[in-house]
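Look for subunit A in each of the two complexes below; its partner is subunit B in the first and subunit C in the second.
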Partner chain A sequence: MTLSLYDYVSIGLQAVFTAHPAFHVLGVPISMAVVMLVAGLLTGLIVGAIPALSGPFAMAVALPILISTFGFSAAALLPTLAFLLGVMKAATLGGSVPAILFNTPGTPDAYLTTFDGYPMARNGQAGKALRVAQFACVSGDTMSDMVLITTAPFLAVFVERYMGFPEKGALIILSMAFIGAAVGASAIKGLISAVFGLFLASIGRGDDQTPRLTFGIPDLANGFSVTVAVVGVLILGEVYQAIEDLAHQHRSKTSPSPVVDRGDQKLHWHERLALMPIIGRSGLIGITVGALPGIGSTLAATLGYAIQKRRHKGAVPMGQGAPEGIAATEAASAAVSGANLIPVLSLGIPGNVAAVFILIAIDTIGGLNPGPSVFTLNQHELNPELVMVIGVFVIMMLGNAINWTLGSMLMRRLGVLQHIPPRIMMPLVLVITVAAIYLQEGKMTSIYFALGFGVIGYLMRKMQMSGLPFVIAYILADDLERLLRQGFSASGADPWFLFSSPLAVAFLLASVVVAFTMSRNPIGKTIIKNADPE
Partner chain B sequence: MSARSWNLALGLVCVAFALLAVFVWIPHDVSSGVIVQERGQTNVGDAMAPTAWCYALGALGLLLVLTSWRSRPAAKSAVASGPRITAANVRFLALLIFMLVVSLVLMRYAGPVLVALLHALGANVTDYRSLRDAIPWKYLGFVIGGTTLVAGLLALIEGRIRTRQILLALIAVIVIALIVDLPFKHLPLPPNNEL
Partner chain C sequence: MRLVIALAAALTLLTTPAMAQWKPSGPIKMMISFSPGGTADTLARLIGEEMEARAGWKVIPETVAGKGGNVLAAKLKNEPADGTSIGLITDQIGYAVLAEKDPGFAPGDFAYLTTVAGTQTGLVAKASKGWKTLADVVKDAKGGKKLVVGALSPMYADALYLLGKHLKVNFNIVNFKGGNSVQNAILAGDIDMGFLAGVQRRGVESGTLVNIVSGERSRLKMTPDAPTLSESGFPVDLGARFLFAAPKALKPEAKQALTKLIVDIVQDPKSKAHGFITKSLGDPVVIQGADLDKLIADSFAQAKMLLSKEGAN
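What follows is the complex of A and B.
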């Protein structure tokens, strides 16, 4: 039997829609993957609409629960990824709701949506503003997913064909240098954050019989779990910081006046067509930014808005309720999410926080090893990884379709979540995170370690060091060390093996150039200024 | 302290940590060296990676020291937004750690201590292990520890302790416990997996 791409797509569709049914409706099986996708989309919309929370918060809390629930079998991967991808997709959409209705961005990248969204709502056009945001957000997301589906396989094949141990090692070093230099207030501090992550990741793990750098503590024999380190630094560090801010905050007694709809709130087809070029341009900006590791949706939204402002010819000036402003911002920030998965699926290198949690899920559950093997079209024997990744692509497109319909029905109703006070949310997030870590790890020591990593994350924020380079380095540390060990052995113990090919030398030179010039030129300064804080 | 001084301090901490790790921690806590000879082959040892990262950390720390040393002092407005750890931050962190420790001690030991107490008073209970899957014992540690943590943090944020906070925390933590426990029967709440 010969398996064609059509067969693989067919099996991938079956894996999403019919495998492992959660329940039946009129005799039709509803698969667990679809149920989890809808649950993830709803969760993402809700957390995105609550100003104190964000998509990565929900992903961090949900990941241990999902892993504990579905286990480590290949069948667990699609439902787990479906939930996480649903959260990732819908959080951006949810973030625009309080930005438009209450002038309060639900997520950092929705800040620019307030510029035109809230004035539109004040002018009685809240319903239309929300529809513009939804149209732009889902369009940008869909564009981005299509680029992911068509690009990732070619990138993975290129990596396999032209890269050996030295090139792959040098590429990881380049990615970390870029992330370290691009994120946070200073390139040197970003790099320190990355190297500190590499060092802590080396605790416990190694090839010797005796675990290294453990002080003889048995609980450290396998090192700190990736979930514990990542959730601690990124999520708990942020929670501690938020609690401190809330404790010091003198809360303003004034609240934005309620918005009232006046006139036609529909977004007609001619209006959608007029927005399409803006969405296309911003979508391309978001895709380009998203494919680069470490920068994220805030820069994409800023660039999308700035370019639209320069080219704007609409009836309403930008900043005073122009739908084009909302479309430019939302399309750019939404287009980051799919493109961010290009380096994840083709190289195993995460580019932003959401991608970090997707990669942790893939690594923890197993059954899918990001890289060229995923995209190998094996004609004589079924490649389960290709089926799985086709399933992931199907889930992403299905998520977009649900966002088109479910999103528009729910967005206006989500405005009520604005009234949940962050001072209650933050302590609860802390307790839920503690419970989630215990569910996955099953040890109180894991909770202690996570809370300790939270203190590290808090102190890093105080010193204006980003935690993102730390966690990405922590995740990649094992791969990097393995590649360096194998490269050294394969070269016959050549200490200069990393410089043995022109491509590896080019990557290493680029690492040095990025690290030392990023903060010294106008483009680099713009990237650093607008990079996501985490 | 100015932002420049904080960066200088951070750089010095990195250099000191790297030196300590390279000369004390790694040699005493890694069984193999940087390079090892195995069956006539030269391979990378377990000490290579941490040593290399420490060299990089030390070099970056030194670079931070030099760039901070050479930079001009920032304007006063920039100091307020620059890197710094104030006495208020330290006080907050100390209070937070205290609350975390108290809450986790309660979470870990409330159930076993209560069972031991009841046993000592003559009640018909044996040990916590045999009760940890039964209501109310399976929720006890998590609810007591979680309520203490949430109520404590609410009090920290609002600057005062109120009965309303405790009630709110209790209800919220019970709801969380039920949400986790009811659909996921096989996943024990903290600390029941280990006791």
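What follows is the complex of A and C.
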């Protein structure tokens, strides 16, 4: 038996479309993965359109529920990832809806969409503005996914061929330095956040048979679970902050005047063609930014918008309702998501919060170990990881297709979600998050730990310290420690093993350069200013 | 007709021995000391599924991984001893106990039900290295080549150290977490060889990997030509047997009922668990009672040897 790439793709397609049918429609099986993808897309659209919520939030809450529903078998991975990817894809799209209709960005990156989206809506072009957003968003996303599909295998193989323990360890150090330095109010705060993450991650882990730093507490013997730490810092910290904000501020009663559609709302083919170069450019910006760890869609959106502003030649000036402005922003922020999975699938290094949850899902369920083995085209016996990853690619493309078709039908109707007040939303979020953690962990101590991590996240926000370096360092700490130990052992206990190859030295030098220069030059300052708050 | 059925049912009830009437007082918590998705985890979950289907008892699998089974054992010891808590560990628990300063339990704290399957441990290298026997490895190592070898747990690291001493070569021993990561490192060329407990089957069958020597008491099902470590003059058993244990005070009827159910499942060629074992782990290995107690005792004796001055340094 010899298996070609063609066989793998067809098995991957089967894994998505026909394996584990959830139900039948007219005798045609509808697979669980497809059902979960649609559910994820709908959830993403909805949470994206609610200003207090975001895609990563929905992913954080959904993950424990998905894992306890589908379990840990290989069959669980595709439905779980389908839902998470659906949320990731649709949240950007949903975020543009309130931005255009109500001048309220549903997600942070949609802020720039309000610049031209809301003026368009006020001019009676709301329908058209939404169509531009959808067209740009889905095109950017599709471009990004295609880059992921073509790049990740080669990057993974490159890593296998040229990188050993010291190089991989040094690369993780570089990623952490970059994330620490690039995200948040200042480089030093970001680095402190990352080191703090490393410290807490060292509890209970390590090679020794006796658990480390547990003070004899049995519940700490395996350290804090990743879900508990991540959800606590990112989601609960945010919830505490939002509750405090609610206590201080009274909701402004002035709501923007309702928009009325006037004239032709269709986005014609010649208009789409005219937008293509802008989408292409913004898409490339998004892909480049997405492939780098830590700096996410907000920076991409800012860059996309700023470059378009400089080059704008359209009939309507930017900022007064130019469709080009919406297209430049949405394409850039949407193009981040696919590219963000390049380091996840080839190296196991997450770039932003959405990627963090995808990686946690992969790690928790098992059956897919990010790295070169995933992309090995085993000809004699099926490589289930390759099938899985092809399945993931198929799901991503299918998600884009659904966003193309169903997205436009739903977007307009989502406007109503804007009216859900945060004072109802936040307590609900708190209860659902805590319940979801209990569902996965099954013990009260996990909830106490999560609430504690929430306090850490809250205090970090108070100090304008981003939680993202903390979280990514927390996730990578185990790999880093292991790689350093392994590199040390493999070298025969050479204390300079980390500097044993030019590539490793280059990564380490780059880490130092990034950490020291990021906050001291104009480009670095722009990146820091526009990087995702989370 | 109804009367006949009722009579038959009554008769069955009367003739069935008392042990079959034992029932757990609630759902059975099945603790698993291996990370989710791996071979041992899948095995435990399949057995759990089948227990539900056959006896109608509710079985809830729970992952309690870490420290070579120590985390699970410390927890299992304090669980209710009424048959509602069982755990899947291996007979290598002896090493885990002795290696930890204060594991919080002793081997006598448990009632050992039965083993269900064993590993297929072999010392594995890429076929492209050209090594067929330990002698080939020694020849290369003595030629001045630095050999980097992987251990999937600390016990294997100790064994590799002793093996190096026995062969009079120096190994740079690298610790890994589990067989998959050792295998990835072998395939990526990060290490030269390492012990793998069964995951190598696919690679061996496709010809990318070779088993140089069997780490089990017997030769490997997939490579019957490779001699065992004992046959190579190094009498150490690196194989593991997966086994179910419960807290010590477990009543005999509960122990008997649970053991019988599990043994029936793994030995039934029609069960999914049996199919999985024969595919991934060789053949079902069923050891119970005094034999199992001896197995645990042997595991301690060997662990003591591995951790002795020779092994620990």
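Going forward, the second predicted complex is superposed on the first by the 534 of 534 C-alpha atoms of A that agree within 3 Å, B and C clash if a C-alpha of one lies under 4 Å from a C-alpha of the other, contacts with A are read in each partner's own complex, and residues count from 1 in each chain.
Everything below uses one rule, namely that contacts are C-beta pairs under 8 Å (C-beta built on N, C-alpha and C of every residue); 3 or more make two chains touch, one makes a residue touch a chain.
Bear in mind that the values here come from a model prediction, so they are computed numbers and not experimental data.
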Which of subunit B and subunit C A:151 touches, first, second, both or neither: neither
Subunit B versus subunit C as contact partner of A:442, first or second or both or neither: both
Residue contacts on subunit A - larger count, subunit B or subunit C: B
Which superposed partner A:491 touches (first subunit B, second subunit C, both, neither): second
Touched partner set for A:372, first subunit B, second subunit C, both or neither: second
Partner chain in contact with A:500 - subunit B first, subunit C second, else both or neither: neither
Which superposed partner A:68 touches (first subunit B, second subunit C, both, neither): first
First, second, both or neither for A:160, with subunit B first and subunit C second: second
Which superposed partner A:123 touches (first subunit B, second subunit C, both, neither): neither
Which of subunit B and subunit C A:381 touches, first, second, both or neither: second
Residues of subunit A contacting subunit B in one complex and subunit C in the other: 207, 209-210, 442, 485, 489
Subunit A to subunit C touching residues, read off their complex: 71-74, 160, 164-165, 204, 207, 209-211, 218, 221-222, 364-367, 369, 371-373, 376, 378-381, 442, 482, 485-486, 489-492
Contacting residues of subunit B [partner subunit A, same complex]: 6-7, 10, 14, 21, 25-26, 29-32, 35, 41-50, 53-54, 56-57, 60-61, 63-64, 67, 82-85, 88-89, 92-93, 96-97, 100, 104, 107-108, 142, 146, 149-150, 153-154, 156-159, 168-169, 172-173, 176-177, 180, 184, 187-191, 193-194
Residue ranges of subunit C touching subunit A (in the complex, touch as defined): 35-38, 41-42, 45, 62-63, 65-68, 70-71, 74-75, 96, 99-102, 104, 146, 148, 154, 170, 172-177, 180-181, 184-185, 187-191, 202, 205-207
Complex contacts: residues of subunit A adjacent to subunit B: 65, 68-69, 185-186, 188-189, 191-192, 195-196, 198-199, 202, 206-210, 212-215, 240, 243-244, 246-248, 423-424, 426-428, 430-432, 434-435, 438-439, 442-444, 447-448, 451, 455, 458-459, 462-465, 477, 481, 484-485, 488-489, 493
